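In what follows, a single structure is set out as structure tokens and then discussed.
Chains: A, B, C and D, in written order; residue numbering restarts at 1 for each.
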Amino acid sequence: MSEIEIGRAKRARRAYSFDDIAIVPSRRTRDTEEVSTAWQIDAYRFEIPVVAAPMDSVMSPETAISFGRLGGLGVLNLEGLWTRYSDPQPLLAEVAQLQGVEATRRLQEIYAEPVKAELITERLREIREAGVTVAGSLSPQHTKEFAKTVVDAGVDMFVIRGTTVSAEHVSSQAEPLNLKEFIYELDVPVIVGGCATHQAALHLMRTGAAGVLVGFGGGAAHTTRTVLGIAVPMASAVADVAAARRDYLDESGGRYVHVIADGSIGTSGDLAKAIACGADAVMVGSPFARATDAPGHGFHWGAEAHHALLPRGERVQFDQVGTMEEILFGPSRVADGTMNLVGALKRSMATTGYTEVKEFQRVEVVTA
Amino acid sequence: MSEIEIGRAKRARRAYSFDDIAIVPSRRTRDTEEVSTAWQIDAYRFEIPVVAAPMDSVMSPETAISFGRLGGLGVLNLEGLWTRYSDPQPLLAEVAQLQGVEATRRLQEIYAEPVKAELITERLREIREAGVTVAGSLSPQHTKEFAKTVVDAGVDMFVIRGTTVSAEHVSSQAEPLNLKEFIYELDVPVIVGGCATHQAALHLMRTGAAGVLVGFGGGAAHTTRTVLGIAVPMASAVADVAAARRDYLDESGGRYVHVIADGSIGTSGDLAKAIACGADAVMVGSPFARATDAPGHGFHWGAEAHHALLPRGERVQFDQVGTMEEILFGPSRVADGTMNLVGALKRSMATTGYTEVKEFQRVEVVTA
Amino acid sequence: MSEIEIGRAKRARRAYSFDDIAIVPSRRTRDTEEVSTAWQIDAYRFEIPVVAAPMDSVMSPETAISFGRLGGLGVLNLEGLWTRYSDPQPLLAEVAQLQGVEATRRLQEIYAEPVKAELITERLREIREAGVTVAGSLSPQHTKEFAKTVVDAGVDMFVIRGTTVSAEHVSSQAEPLNLKEFIYELDVPVIVGGCATHQAALHLMRTGAAGVLVGFGGGAAHTTRTVLGIAVPMASAVADVAAARRDYLDESGGRYVHVIADGSIGTSGDLAKAIACGADAVMVGSPFARATDAPGHGFHWGAEAHHALLPRGERVQFDQVGTMEEILFGPSRVADGTMNLVGALKRSMATTGYTEVKEFQRVEVVTA
Amino acid sequence: MSEIEIGRAKRARRAYSFDDIAIVPSRRTRDTEEVSTAWQIDAYRFEIPVVAAPMDSVMSPETAISFGRLGGLGVLNLEGLWTRYSDPQPLLAEVAQLQGVEATRRLQEIYAEPVKAELITERLREIREAGVTVAGSLSPQHTKEFAKTVVDAGVDMFVIRGTTVSAEHVSSQAEPLNLKEFIYELDVPVIVGGCATHQAALHLMRTGAAGVLVGFGGGAAHTTRTVLGIAVPMASAVADVAAARRDYLDESGGRYVHVIADGSIGTSGDLAKAIACGADAVMVGSPFARATDAPGHGFHWGAEAHHALLPRGERVQFDQVGTMEEILFGPSRVADGTMNLVGALKRSMATTGYTEVKEFQRVEVVTA
């Protein structure tokens, strides 16, 4: 990225969000029927390059199962309501009834309940028994505490997800998670993030991760830019981390670490742009919060929304537009990019002449 | 266009829309009476460089005829209501009564009715008998199926129009339309598009087309950017394709392929800018949907709005400001650029010192 | 200005409006009491570098007189209501009562009444008898017809003002105004414009004009950008024409042609920025339309608003904030830059360390 | 900063506001518990790098004391209501009841009451007796008149604060304040500003000031850009003045003058960005006007709002979100960056791997 002088003592790079860019068709087109959206990470193959975000408004054991059956990877939040309460349904219904500022306060209360190891085991068992790929997420803060429980429960894919996860966390009070050792000792492939820069991603790749998450997640629902001053313009972040993938591929003699864009993907157009910038797959939250069968009853929130001291997100409400299956595969009844995400991706690829997700990373984009 | 680094693994060109630019007057002015807006493509001469878009909300056999009599080229959509139904008037009236999301669903139903070859023949006959230039459009998907019908019906100008039409469509399921052979064998001049880049346009020009459409069409009514992530900033696209015209003129030893800007032209100011960027003519939809004599009863929609699985447009409503003749030639009663399009173009040319459309392509513009 | 590639066949300059820039204070400050805002053009000295725009909503013979007494130059529109009607007061009152689109139609009617030479003579006589500098404006279209009347009536300053006035108007139907000859033969100093570029301004300067108007005028009320696609980002235009002033000063061996920014000056901040970009004075309309003693009764419109065939402006309504004297010199009761224009200019100059308008043209600006 | 050509006769630097930039996390993270926000200027050490702005809506003797006890530096406006009236409480209550434009007029009246030296003495005595660091501010216009009173009253820190304060104020009517002599003779450390450029800051540093204020103050409540055309995009201004600090450090052989960002800091994110651009501390107004214990009863205004002739600000109303302590340290109940400012700063630093404010000046930023 080109460097800019903010003032004499500070330089900055110019960074771009998905809204800043657009995909441009060129001289070749294809039939949508020719397009494959398949994606494989480690031993697991998926028909669609879409990972459902581990957020309580989107993923329950039930929706993780149905999402897996639809060809994607559903990740259950192992520090959410399903592992804090044996029956979270009444709480999910209550959250959908909260009004105004009261919502933040009540979310803080509800999430003050501790996570229970036995519920982690139970929830993952439910998913595993359904025969789909089993994936659960922990925050880096709690990975050491619950990792053994998770692995023993028989997870296929382990996700470590926080606002920013670094390979080099420094702490004087507790011994921090040594990601490299942790991943080395673990039996299962790990997806870890968010990260935002080439350097941060390269360090995460060196820990042995199978995939890295780019971004913060929760674009629709968080206010990190306002609260912390921190933001990750996603088009630039994904393109930077894609370069880290290439550099690490060379450095490691052939290890391909998957780049998964996580955040600011609210429409099918954003999904296509994420891949156009170099992502292998995307982690998506808010579009699935619109599903009639989502656990959030039309509401959506991330872990930022219930932080006890510094909430950095809000519970947002969406129109419920159709089932999760319709949101993924249509038919669409709306023209705003929130239904038939996979159909739209295929058409975007076909219109620009691509048949494979990996090739579509090379499509021409413009800033506009 | 200058290249920008989005991130280390992705570069982009900076592209501009009509809104990003403005025409600047300089040292010479003219009388508006001196200005000619005449345009000739193949054997057909038109008093105005305006093509009415083949959209059901704008063009019926009746309005195609009156548009031709006013000096322009009206193109009938040969896959629209007029070739699906023997009497589409009640449906047009119904569409104007639809409310909210229901509109998309009902449009999907109405357009599920198959196109009938005999109605194509009948509609084109009506227009031919009126003595104006006869032009009809098909999508690339249906060109093979209906082309013979269209040519036999006695069309003067054949338009192949889709979101993106490439000279190199790849399909494994059906033998795709070979544009070059098709155009070579056809008796009539062909206008084909949309396209968005220098390279794509050059390939279309090499098929033997008389004109290429730049852009998607339907700027006012489509949401392709949100749904597919694809967008064509029109000022840049037109200027790129104008360069392809020049390059192909040289390469072909003198064949001048007309560049027709198609999309994002909602006001007379946009029309002037399209030519300022290098267009020979413009294809216009939404301004004519404002006509009291337009078939859409004040509503406007394109083919994207009724796609069965992935609608990418919405039916939009406009104020009806005057007759089609008044919208073209005034007098204007509004100050927002939606009436007296040709008078405004003439004044824009006169104010900047130009008397011919071709010369006006050289006028100075600024980004602002 | 730096050149940008819009597309392969079109380049553009990057241009800036007043809103794009801001004045920056630096190491020196002054007392506001030290600041002089005096301005002299030809033999006429004014205490303030502000010319009231020849618009019916702002200037009547009465307000031209009071504006002159306040230290500025008031210019009467000699093709407005005061020279078409012997008593325009009832019409001004009627305009203030019009509703919606009806306003454009009624303005077109009212201004269809011909201009009367004897009323020109009468109105200028009224102003002359009051002892202030007498200035009247004609459009280039009618300058030949009425110029003798105007000069015979004893005008001190002659203003030729149109959307774009060029030194090189080409017409085959009528012999166009030869500005150079016209100005040479005239006894009185001429201010002429608008113009927008270095080259156009240089040509106008060579006609012998005492001052050139930069811009279109009527920023608050016109829609030329939408209707014609033409726009003049004022910061860039003023800075370009200021360079023409310098170049012509050299070329002519010392003739200093005044640069008067005309348009997009809605606040005292805009006024300061116009001078910061190189203007010697500003022509202002809308801020005076807010005066309780303005003829427009709180409404504002320019000649574009009543064009018979192609209106390019609208009648706009403003809050009436105080007398014309208060708007110029305060005290201000509002914090939005629409009162105490001169006080604000003085404070802007003092805060950045300048005491003369001419020096203030060198103040530092940033784009922001 | 890179230079841009506005037009041929004017160049400008490209400047950036806090909104234009964002902080980017990179490869290292920390525990928030590791982070120190301590700041020391001259002999005074503070736990937080936050100075409460000398505005009547924020600082009373009582809130200056409580702010000091919370670890910050509260500055009392010595030309505000507390030094004009022996009991300003009824006036503060009245201001909170004013409606619309009436507010500006009544503020002008209330502040017409002269400042009394004995009240300065009394207010500073109250603060000193509470045992916190005592700081009061005067405008440069009144510094000579009241400085002796202030120093005799036993102030620890003297603040000279105006829209723009230069080391080189020129006046012919009165002998201006010679800042260098004044500061040299004074016993107490002086913080002086605002300033906006490297050069202006360097001159202020050479007067012997302990700290300089960058910006205008009162971002939420002033309209200087509209009224005077003057604006200071804060990210660029802070980064420029930080370079002046470095240059002066070298030139003076080791004198470190503190850079305090003053203005446009409305959220915790802005606070973090100010430091990221090079500030040592920030002066904050509007966030504290939201405190339930702020003197303004939820209203906020600066000295610009009651200028007798040229008001350049407005009284604005905020939601009262919590106590001043909660606004500084949480827990936060809102997600918009207006509560737990210090907690947010710590998290921003921890997320990007920094533990000291001084080091955090080096954090990576992007424009977005």
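The rule is short, and it goes like this: a residue touches a chain if its C-beta (ideal position, glycine included) is under 8 Å from a C-beta of that chain, and two chains touch if they have at least 3 such contacts.
Values in this document were obtained by computation on a predicted structure and should not be read as measured data.
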Shortest walk length in steps over touching chains, chain A through to chain D: 1
Same or different contact residues where chain C meets its copy chain B, judged by the half mark: different
From chain C, the most remote chain by mean C-alpha position: A
Chain B and chain D: spacing of chain centres that average the CA atoms, whole Å: 57
Where chain A and chain B are represented by their mean Cα positions, the distance between them in whole Å: 40
Sequence positions of chain A contacting 2 or more other chains: 1, 14-16, 236
Residues of chain C touching chain B in the complex: 1, 4-10, 12-17, 101, 104-105, 108, 163-174, 176, 195-197, 199-200, 202-203, 223, 225-233, 236, 304-305, 308-314
Chain C partner contacts - residues on chain B that touch it in the complex: 1-2, 14-16, 18, 21-31, 33-34, 198, 235-244, 246, 267-273, 276-278, 330-337, 340, 343-344, 347-348, 351-353, 364-368
